[in-house]
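In what follows, chain A forms one complex with chain B and a second complex with chain C.
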Partner chain A sequence: MKALNQVVDTLSRVPGVVVAMVVGATDGLIVETSAVIGGAGGADPRKPTAALAAYLYSKVTRASDAARLGTPAFMRLEAERGHIFVVGARDVVLVTIVTTDANLGRVRLEMMNAARADS
Partner chain B sequence: MAIEGPLRELGIHDVFQLLDLSRKTGTLRVYSPERNNEGSVYFDAGTIVAATMKSNPHLLGTILERSGKATPADLARATAMQRAGDKRRVGEILVAHGIVTPRDIDRFMRQQIETVVFDLMSWSEGFFSFTEEPPRPIRKDIAVRVSTESLLMEGARRIDEWSRMADKIPDARVIPLLAPLDDGPESFIDLLPREWEVLSIIDGERNVHEIAKRLVLPEFEVAKIIYGMLSTGLIDITAWLRDSGGKPLAGSYIDQSGRDISAEIGAALSGVSTEVTKSMRLLGIGGWTAVVVETDAATIALAPATQEAVVLLASSLTVPLGLVRRVLTRSVALAINWMRSRV
Partner chain C sequence: MSDPTVAENWVAAPLTRLKEDARLISGVLLYPSGRAVGQFGFSNAADVMSICALTSAINASARELGRQLDGNPFYEMHHAGAERQVFMARASAGAQEFLFVGVFDRESSFGVVEIYFAEFQKALERLHPEKQPKGAGPSGDFEGELNRSLDALFGPIGKR
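For the complex of A and B:
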């Protein structure tokens, strides 16, 4: 299995990724994280993002179960000034905060590859 | 003497029956603030002679043009004559010029009356008022008289049929979406011309009511066609609207076994909107605009419509993500308008 620090390191190098994290899928606690790119001075977004990502992932997993639509493979939360991407990988989730001008398709692909390598 | 009151106290079926049995002559107006709509039915000695609906006028000229009986030029000439002072109706002018026959007018006016009356018969809320008036003068050979009793019987049959379709089409706000092509062996679709017409304007944005309005067809007829297509898997129903607590506001999500599972999904996602809104404030990246989830079997998308409502959308994985996003945006706009119309 690829080391978790390698996973976040690879993801954080993708253009547009502000931060990459590995988060506990049920508790929302950060397991591994990259530094926040361009985050000097502002509030650290990692803990609230990790908690939100785990919460949302568990909610959509329940909804997906109710609809018998299988396991969520990729989730994207869009906001006015940024996106949060979440990919499930066993008992953890990979989370990135991405700028709106990033190549979203590439970030998605890198995250899916990282999740596959991790499982 | 005027007869008026709320429909919840005297149902529309009873109102029609009362006017029929007492052989009334005048105008029945039915108004629903909830639907933002109004219908008028004209009676002559208990028999229905004309009917109009504000939201879906089904103008005789449009129906004649659509059926190929009259050309746009014929209609333009008739309306120009009206503007020049001719007091006759468009139908009367077209008959006088030999463009259509009294029989054509009879058939289409009957269709117009039936559309309005059957639509009104599905209303359980709103108000009615009947005003006695002298009968409207019209040429005898093109005057239509439709038995109220026979309309009531046909209306009851249609209500029964609607209830059978309710598992897939609970109301006219349902938005049909073309189903993706499967990888199975090539198959041929055998559709009637009217079914093709409906199929050709299904775009994942218009609901049953809007499709009916666009095609100048009764909602019931469009719903029946869509029900048939749903049953054969030609189309899917995917968009629905929930409040922030997950309770249904409009629409449905029908699974492969024909069961509406929108309430279960709504309940599983209850509270998401509030929680995401709260977190967005902490993160400082602006308000949330959408959550898109790809699962093994489908794409689920949700977006805030108002503070109290969330639009949910589900589609097959073969529908491109960009299209899902576009339909979601459009659904949000429609939901906002719909919510406003109900305030």
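For the complex of A and C:
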């Protein structure tokens, strides 16, 4: 299994990724995180994003189960000024905050690869 | 889920919001002396009385334990049970200190509870009346204070 700090390091180097985190799937607490790129000033978004993204992913998993679709492979939340990506990997979820101009396909691919390596 | 019952009206809105946002099953806000300020999820005054007494005692023990082990008091605790989890923390509003204890299950998470508790804390700071409520500090009459706060939450004994 790839070390968690390596996972975070790899993801945070993808252009457009503002922050990459490994988060506990059940408690929503940050296990490993990158620094926030361009994050000088303003409140640190990591702790609330981690907790709420993990919570949201657990609800999406239930919705997916209810629809008989199985485990969700990837979750993307599109907002006005960027995206939140979430991928499940056993006991943790990988969470990234991504800018609107990022190469979303590349971020998705890197996250899926990281999740597979982590499983 | 029942609305909070409160001994001081200004805590009703923050408690309701915390309950709903953090998906808490039950919770009690109290003074460190053990006097209840507000609660939700309980219909029995005796349960709230026990929780207040235990929370007050646990808080005092945890603070001392923190001082002994770490040099600083412990202010927040989390116990993850098989089905339900307990979150206990202090909150302050001005010079006044409060304790909060809440119970949640898999419908929430520790991370989510922490996030919304931080907002709850800010709301207490914002809404706390300038004037301290009468008898907010410990008077030494622990049982009397506890009973008066339970009367405020559930009505006088005999009418509960």
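Note that the second predicted complex is superposed on the first by the 119 of 119 C-alpha atoms of A that agree within 3 Å, B and C clash if a C-alpha of one lies under 4 Å from a C-alpha of the other, contacts with A are read in each partner's own complex, and residues count from 1 in each chain.
As a convention for this text, contacts are C-beta pairs under 8 Å (C-beta built on N, C-alpha and C of every residue); 3 or more make two chains touch, one makes a residue touch a chain.
This is a predicted model, so every value here is computed, not measured.
K.L.:
Consider chain A as the common anchor and indicate whether chain B and chain C clash or fit when overlaid.
P.N.:
Taken together on chain A, chain C would fit alongside chain B, as the superposition shows.
K.L.:
Now for A:50: first (chain B), second (chain C), both, or neither, which partner does it touch?
P.N.:
The second partner, chain C, only.
K.L.:
Given the superposition on chain A, which partner contacts more residues in chain A: chain B or chain C?
P.N.:
More residues of chain A are touched by B.
K.L.:
Just checking: does A:66 make contact with chain B only, chain C only, both, or neither of them? Give me first, second, both or neither.
P.N.:
first
K.L.:
Could you look at A:75 and tell me whether it touches chain B, chain C, both or neither (first, second, both, neither)?
P.N.:
first
K.L.:
Between the C-alpha centres of chain B and chain C, what angle is subtended at chain A's, in steps of 10°?
P.N.:
Computed angle, apex chain A: 90 degrees.
K.L.:
For A:22, using the defined touch cut-off, is the partner it touches chain B, chain C, both, or neither? Pick first, second, both or neither.
P.N.:
The answer is neither, since A:22 touches no partner chain.
K.L.:
After overlaying the two complexes, what is the shortest C-alpha distance between chain B and chain C, in Å?
P.N.:
Distance of closest C-alpha approach: 7 Å.
K.L.:
After overlaying the two complexes on chain A, where does the chain B footprint on chain A coincide with the chain C footprint?
P.N.:
48, 51-52, 55
K.L.:
In the complex of these two chains, what residues of chain A are touching chain C?
P.N.:
23-24, 26-29, 47-48, 50-52, 54-55, 58
K.L.:
Show me the residue ranges of chain B that touch chain A in the complex, using the header's touch definition.
P.N.:
Residues 253, 255, 261, 264-265, 267-269, 271-272, 275-276, 279-280, 282-298, 300, 314.
K.L.:
Which residues of chain C touch chain A in their complex?
P.N.:
Those residues of chain C that touch chain A are 80, 106, 108-112, 114-115.
K.L.:
Residue numbers of chain A touching chain B in their complex, please.
P.N.:
42-43, 45, 48-49, 51-52, 55-56, 59-60, 62-82, 97
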